[in-house]
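Paired with subunit B in one complex and with subunit C in the other, subunit A is shared by the two complexes that follow.
And now, the complex of A and B:
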């Protein structure tokens, strides 16, 4: 077994193990941390597939930003785990049967018989100076420019939707106006009163 | 490709729509509640402008831009003009309702414009990426609109249901797309259809992927057994949003189906038409039978939508130009009638009172004979009574089904339509022969009354002269 193959199986086993832990842990914080581990291993797999940019983006964006935010939210919310799990045991048998059938179908349809190296030859290795990021950028801004623009519009809609659903103006709430605070001059707040010195009795 | 005004002409409607939607978003920031009329006016102007640009760019030839991501053909022209026109009606009906409920905010118009942009993108999608991104643009705007009345518990619940099930459906659709991509090696729909026609792709994998794609489409249409979200979301959303959700997006769902099934997987029509037969028969049966038991008008119309989706799928079953043309005609006609039906509910609602139950329709003729007349035409059209256009829509679909020797399917469709006629006629009986329970005068602005009249009369006139629209639908598919 080559070293690369060994790495692939290592990452794959860790990924699956972490994924199972995510859905079985009782403590939601542990689940989030295992999800981080799963993301790291997925990034490792992508690295092996020569998708360096995506691997780094996954670590930077998902692990670095999204999951940290997620962790804060999970810690701040008081989630009643027992309540969430109440229906788990009852629906587990049905879910298990469906999952096994699905998995069996997937193996039969997507197995090596149809997607093996005979039908899909392994792609050639890129030379060491191949720039994955540059190629991705080129494809994104030429071939896929239309899709890229639509994705940008979707993000804009996300912002508009989030603000329209959460922004409330409550006249009774007291809040600070930073602009007027910064604009304050000393003479607005400080009043110097001239007083005659008091004579000692 | 070149990026200049001439070569970008086909995509101008979308570019204009995006620019104008951003303009409305910014302009609305500087308006007060009293001057918000401008947002409404600009939104209507944007929609009308986009219709004009689509008509300007229209033509019989097929134009492909952006490396196959964008396709402009007669089908997309018809779809875009239809969905933009319906959206104009929706915007007009919605204004009074929003004003009365204190949710007359600019975001409604911005989100509706972005949703329309998403539908236009779907109508002229050339590859999987554009199909999916257009769908998500539409869906995201819709989720936010369903939750638009933030203080309504029912609305938030409906939005949550819609969001979770919609995300699941998108996931299934993506999964199916990835299978088709794996089997054919291309995201481009035209190239995919060539690979399938050449027999170079593994058929088992294709059919496996196709199952997921069909499920995704059925979810978005709301076909049985993927219809559970429809009644709850229609009922929970503010009526102005239900009006939007129940009309124009049906045309977008048609676009989704025609692009994926006919353009992309046309070579697999033997497989997907069997799946669609099951969905169509189940939708016709459940939709029409369950609608009888409803006392809530919004839920009744939701189940009626489900039964109409069955009819649209029947047009696809034929898998030829004639069938697609009939399905397109049916979809456009249904969207127009649904806009009128929900539009009347927004007119009947007033501050603090939503017209929701069938009792609210009682004695409508005594309160306003003209509105009752318009609703009569709309309900007749939904039931398929001549001379309204709904009759011809059903006739053309049945004709297409009979042409491919599936007479039994046509008989099933007619059988369930007769069952369905009962609840439309019951509503008409309530409007004309029952005493009004609520005798408040009907307050409606001039523009929504005009739109209602145009809408109702259009249903009648299109029924008397169906040829023009039918020709447009048939020639779009080269028939």
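And now, the complex of A and C:
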């Protein structure tokens, strides 16, 4: 077994193990940390597939930003796990059916019959000076420019929607205007009174 | 000399990489140790005190140069107290998670046109990704300590770092638009020409925002609300003692050095001589590039200390306002400006 294959299986096993831990841990903080581990291993797998931009972007965006916010929220919440698990037996059959259907679909589409090396030849190895980032940028901004811009607009709409949903004016809160704070001069606030010294009796 | 070279070539690849890592880490660790000494000395003199001057080496006082070594030895021999109710595993892992990215980022850092451990295409992205991981150590430490103060510190730190990371990322987007590359070596080479070709001038707002965000990212004064001694004792590392605390301490200083070095690399022309393109250039041709890089890095390292001695701590809501409402809009506007300059080949940086 080549070293690369060993790395692939190492990352794959760690990824699956971490994913299982995410849904089985009792403590939600542990679950989030295992999800972080899963993302890391997915990034490792993408790196092996010579997609270094995607791999680093996965770590940067998901691990570096999204999961930090997740962790932030989960730590603040006092989640009662026992309550969450109470409905497990009742919803298990439905979940099982959904899981089986999804697994079957995955096998049909990605199984060796349609997705094997016979249908798709193994891609050639890129030379050492191949720049994944540049290639990706060229493809995104020429071939797929419309899809890219539509995605950008949808994200922008999402941001605006989230802000407008949570924005509320609260007149009762005391709010300081930093500009007027900075603009304060000593002579507006302080009055210096000149007076004669008093005689000591 | 030839014997040495052939011996080097005969070593297995893995051993060679290990030795290169040691060659980066050892000076870095010594710099970190003496950076703490420098901080106490510089702030001491700014406050008209002497700073540490008692601990010497080999029986000589030497201006207290033995202080960092004495500190390190003291911390190593102290007990590591694990609070009851703490999550033991996470409690011990947290300091390691904090220091690992601070050290791993140096893998792609070019010290010279040739001197780099791993010359990868997406070097800038790699550094951005790794520096964004440092916050996990802080959050995990705060949560695993099972202490209110630690958790408060972790929460403050998480919100602050996420805010400033965006500004920092956008500032770097400006750099990569200007240089047209994510490779750190090419970013420096794109600044070649003279002192006025360096990116501090065309990207001046981004340069300032990058460095200020860097100060915020490393949780240094005036953005050190995560530790805020007067409100939450010491924030996320209040429960840490001995070597576990020392590792947090090391990570903070290693991160400061990293931010300083990156600022020097991306905005002050890295190892390029400041006399390029002037009559003085040939006079200073003998100076190795790495010396210029160290000198520029040192300017920023000094600024970190200067800030700490000068500014009072920011109020928390003002930190958030500065990050979200001031820095991010400015960076977005300036990225557009840089794009326009690049497209129109503005003299004399982009033509």
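Keep in mind that, in the parts below, the second predicted complex is superposed on the first by the 190 of 201 C-alpha atoms of A that agree within 3 Å, B and C clash if a C-alpha of one lies under 4 Å from a C-alpha of the other, contacts with A are read in each partner's own complex, and residues count from 1 in each chain.
Note that a residue touches a chain if its C-beta (ideal position, glycine included) is under 8 Å from a C-beta of that chain, and two chains touch if they have at least 3 such contacts.
Keep in mind that this is a model prediction, so the values were computed, not measured.
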item	value
Which of subunit B and subunit C A:160 touches, first, second, both or neither	first
Which superposed partner A:110 touches (first subunit B, second subunit C, both, neither)	first
First (subunit B), second (subunit C), both or neither touched by A:147	first
Which of subunit B and subunit C A:29 touches, first, second, both or neither	second
Touching partner for A:37 - first (subunit B), second (subunit C), both, neither	neither
First, second, both or neither for A:19, with subunit B first and subunit C second	neither
Partner chain(s) touched by A:136 [first = subunit B, second = subunit C, both, neither]	neither
Subunit B versus subunit C as contact partner of A:48, first or second or both or neither	neither
Intersection of subunit A interface sets (partners subunit B, subunit C)	none
For the subunit B and subunit A complex, residues of the former touching the latter	11, 18, 22, 25, 65-67, 69-70, 105, 107, 110-111, 114, 117, 121, 129-130, 133-134, 136-137, 140-141, 143-144, 147-148, 150, 182, 202, 204-205, 208
Touching residues (chain side subunit A, partner subunit C) in the complex	29, 33, 36, 52-53, 56-57, 59-60, 63-65, 68-69, 71-72, 75-76, 131-134, 178
Interfacial residue positions of subunit C with respect to subunit A in the complex	90, 120-122, 125-126, 128-129, 132-133, 135-136, 139-140, 143, 151, 154-155, 158-159, 161-162, 165, 182, 318, 321
Subunit B contact footprint on subunit A (complex, rising order)	105, 109-110, 114-115, 119, 142-147, 150-151, 153-154, 156-158, 160-161, 163-165, 168
